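Two complexes, one shared chain (chain A), two partners (chain B, chain C).
Entry: the complex of A and B
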């Protein structure tokens, strides 16, 4: 990359200032408090999409993120409701459970490639939905409702996070939580991609046999990448369940899984921050088109096709094109 | 039990025809056509309009469904997929395009035909009832037609000039091009044929199950299942996958009835185990 260190730091600081200071300030000034919910959703969806992006990075098309988001949501909901756990403990446990499950599922299915992997993960989303309908603990189609808001988190008597239910504006609290996690998630992703493991993952994307022949442990690497990906999916699903205070088998479906994938495509598969941009554009685009009523889906999908024709390598490839020309 | 097998065969013939179109497009272009189910729905609605609303003969309606979808398929290949494949760094990008066209078709179908469940008058009246099998005559006719179409398709792919060119293309695109096969032209014909098959099945099945705008996605998933069972990009695999899925569904619905609605859960679980043992399906080429 041609960007030097100072520019990068300035960009990060500017981004943090925007999401943590400017956005809340603008929202409280304009009184559009509903935007908090939209932006929180964008942040959470981009976390899940970041997971999908990571599986793209090892050369797999993942249409199964909805399964892990659903799983994470149910795990945290069950832990909070049936076992009286604190949300702050249930959240990482839900993520870790999804990661562990994805190791078990991933060991056999990561041997598949190309469309086979894509289709089997698509099926996985359906399996998760049907399981949620069939298992007794998930309460079938009725789902789990009236999950309490996250309580206070204190370490050694110091309250780090106040009880969400006692806050006047729990939307702001959820926004800050989601955005913080998003920043952490993308920092981890950036670090991962620019590390030794990241380079190795890229070698998987290009040619697994070749990578294997020069001593890369491909089976281990792809399971790790898939587990990290599923962890992100589970965490985002768990927070979604906490925000909506409910989870149903239809909370995350095949459409969501496909959307996670589309977010990555739209932002650009070659760019770490692609999923974030893609999610923002797709989610806001969908919201803005709401006024067009019955033509919403038509215009949305039409625009998506046009965008694909003009910029098949994602929105962020635009920056690269201008840089090359200039 | 005879009844279950008869139902399975009937379902399997329909499914095989759906899977054939999907696998053809995949074999030629390496594109996973997410919009296949939507094409099926569109075919169903065209038959509904021509046969059910305008009252023209069923054959005309079926032809209209096939022809319309063939044109749509050809246009999609020429103006959308070909462009994206040429411009994109990664060939997975066609998946976004396919998903976007699926959404687009969904929107168009919803706007043109509404969200109601639609059906048409029976094409043949009466019920076949013999040897312990009860099967309405229209199902028999539709099943037989499906088998005729499958046979015609296989023969066409095997013996015609176009079919030979397409098989060469599926085997090795570059080599086919070097041998003088007009790759662009046959890709377009292949895409059109795949879309046409989806439209024809839609037209056939609207006479039995009716059609509504929401079933496109589920049909696509079923088609993916069949293709995975049989192996992507192989004609024989698609037929085998279709028959196997039809049979499993028919048997599952009978055997697992007392456990509630778990047939598809069992099928999915079995499929994942099967694929971890045989990643390319029954007869798929390695790594699709």
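Entry: the complex of A and C
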């Protein structure tokens, strides 16, 4: 907040230059093309986590984002496979479907607070998985496989996005898609949080009774925030399905839902870019610990506990602390 | 004087307990009316009924002739009935000024989407709210603390901030829930002055209170509740001479001694 305008613009330009130019350049120079997949995952997971962060911002612990990611993945897969839709149309529709579903689900459950809301959302992920197993349209445990890669997107004969299948490097294409959406997602989030809506969300987080006494329609605002959150979850799930060209009931589980939440904790609940940093650190941290074999989960959990004790406001609070001291 | 708020035959039952029993009274425009009564008399329930935080079992509350009981609290606030809270209910992680600015929400003309895009209407609102917030803070003697985080305020100032938040919504009638609770004599006198100043600005005030000396000093009229029923209504001197009121208060004191 204390950064002046020029520093902010410089930071944004630097960030865009890194993700769109520097990262692809370094990867093609080093030949580590597998990193594309990793970084694409980080970008997509950070979009879903941004959604979870928004529900935290209105004072709700959301452990149900996996449900919407799964829903988004299935919706886009079904639209592409069964109805022959273009992926580029199926993607926003999947997001909107999740948002609409979350309004119906959110209306009753958003009345709950604290651990009660958390428990219900936790169950939501499991319900989504069981539904995917049971519904005829989702093809049970076999899932939906051999989903074609996204085709070309043309408007008035001008090809905006080429057919992914015709590309030599569809990994780079997916990376650019995921990163672009991540940038858009966080730009939207930044604007939300720094407009009056952000203040209204904070008012909900800090005291719902007082908020309604000053005329804030708390039920409406909660549902809107939850719908935006679920939209992000759905979009992220839909792209995951397109990348892996498949979707199974186990594609997103309770563990993923918990991870989305941990990403927010780790980055910092008070910082809009917290989920992005949290996702990056958590994803790579988990991979780095892979070498420790059977101790991976133990070390990982231990480190998480220590981090939460030492830095309860997340990694980004570290930057603020050093700035205050300096 | 015109009637601002009418409470007619208001009853609230919680299971077998009748917390408020057939209570009727009205508050006139620019009046300071206090609701008093021993512990458990139903004051807080009545307060919540009037501010629409509870729905009455029977009876109704009307603001300038329009029924407001049964509406959602934020709608009642929009109509002009705004409450403050007993405890130090504020947005504690925001600055004092932001607390008051956000409370202007009701007056904003821009939509949520307008705020997101930063439209002209949203910007006009934003500037006007900032200015109005500064005026309110000055009125309540909080100007010097405007940029302080709200949770760091001392007790007396917190109560003033609660009132500032209520004022920012531009209410027709402001409901104060025990504004003098936990205050020493000096703080109480300052608060009495503050409430009077609010009335001078044209506000109608209904307060629920324990502190007898303060209530007698400040109120134009009083309504006395006991066991959920209205037992008296009148000016401070009428109430002080009322047999039923004396009995109600002495009775409860006897019980307190007996325990």
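Operating definition for what follows: the second predicted complex is superposed on the first by the 326 of 326 C-alpha atoms of A that agree within 3 Å, B and C clash if a C-alpha of one lies under 4 Å from a C-alpha of the other, contacts with A are read in each partner's own complex, and residues count from 1 in each chain.
One rule holds in what follows: a residue touches a chain if its C-beta (ideal position, glycine included) is under 8 Å from a C-beta of that chain, and two chains touch if they have at least 3 such contacts.
Computed from a prediction, not measured in an experiment: that's the story for all the values here.
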{"item": "Touched partner set for A:169, first chain B, second chain C, both or neither", "value": "neither"}
{"item": "Which of chain B and chain C A:82 touches, first, second, both or neither", "value": "neither"}
{"item": "First (chain B), second (chain C), both or neither touched by A:180", "value": "neither"}
{"item": "Touching partner for A:292 - first (chain B), second (chain C), both, neither", "value": "neither"}
{"item": "First (chain B), second (chain C), both or neither touched by A:245", "value": "neither"}
{"item": "Which of chain B and chain C A:131 touches, first, second, both or neither", "value": "first"}
{"item": "Which partner reaches more residues of chain A (counting touched residues only), chain B or chain C", "value": "B"}
{"item": "Chain B versus chain C as contact partner of A:217, first or second or both or neither", "value": "second"}
{"item": "Partner chain in contact with A:199 - chain B first, chain C second, else both or neither", "value": "second"}
{"item": "Chain A to chain B touching residues, read off their complex", "value": "56, 61, 105, 108-109, 111-116, 118-120, 122-124, 126-127, 130-131, 133-134, 254-255, 258, 261-262, 265-266, 269-270, 294-295, 297-298, 300-302, 304-305, 308-309, 312-313"}
{"item": "Interfacial residue positions of chain A with respect to chain C in the complex", "value": "191-192, 195-197, 199-200, 202-203, 206-207, 209-210, 212-219, 221, 224"}
{"item": "List of chain C residues in touch with chain A within their complex", "value": "51, 53, 72-74, 77-78, 82-85, 89-94, 98, 101-103, 105-106, 108, 112, 115-116, 118, 122, 125-126, 165-166, 168-169"}
{"item": "Residues of chain B defined as touching chain A within the complex", "value": "26, 32, 34, 80, 83-84, 87-90, 92-93, 95-97, 99-101, 103-104, 106-108, 110-111, 217, 221, 224-225, 227-228, 232, 260-262, 264-265, 268-269, 271-273, 275-276, 279-281, 284, 287-288"}
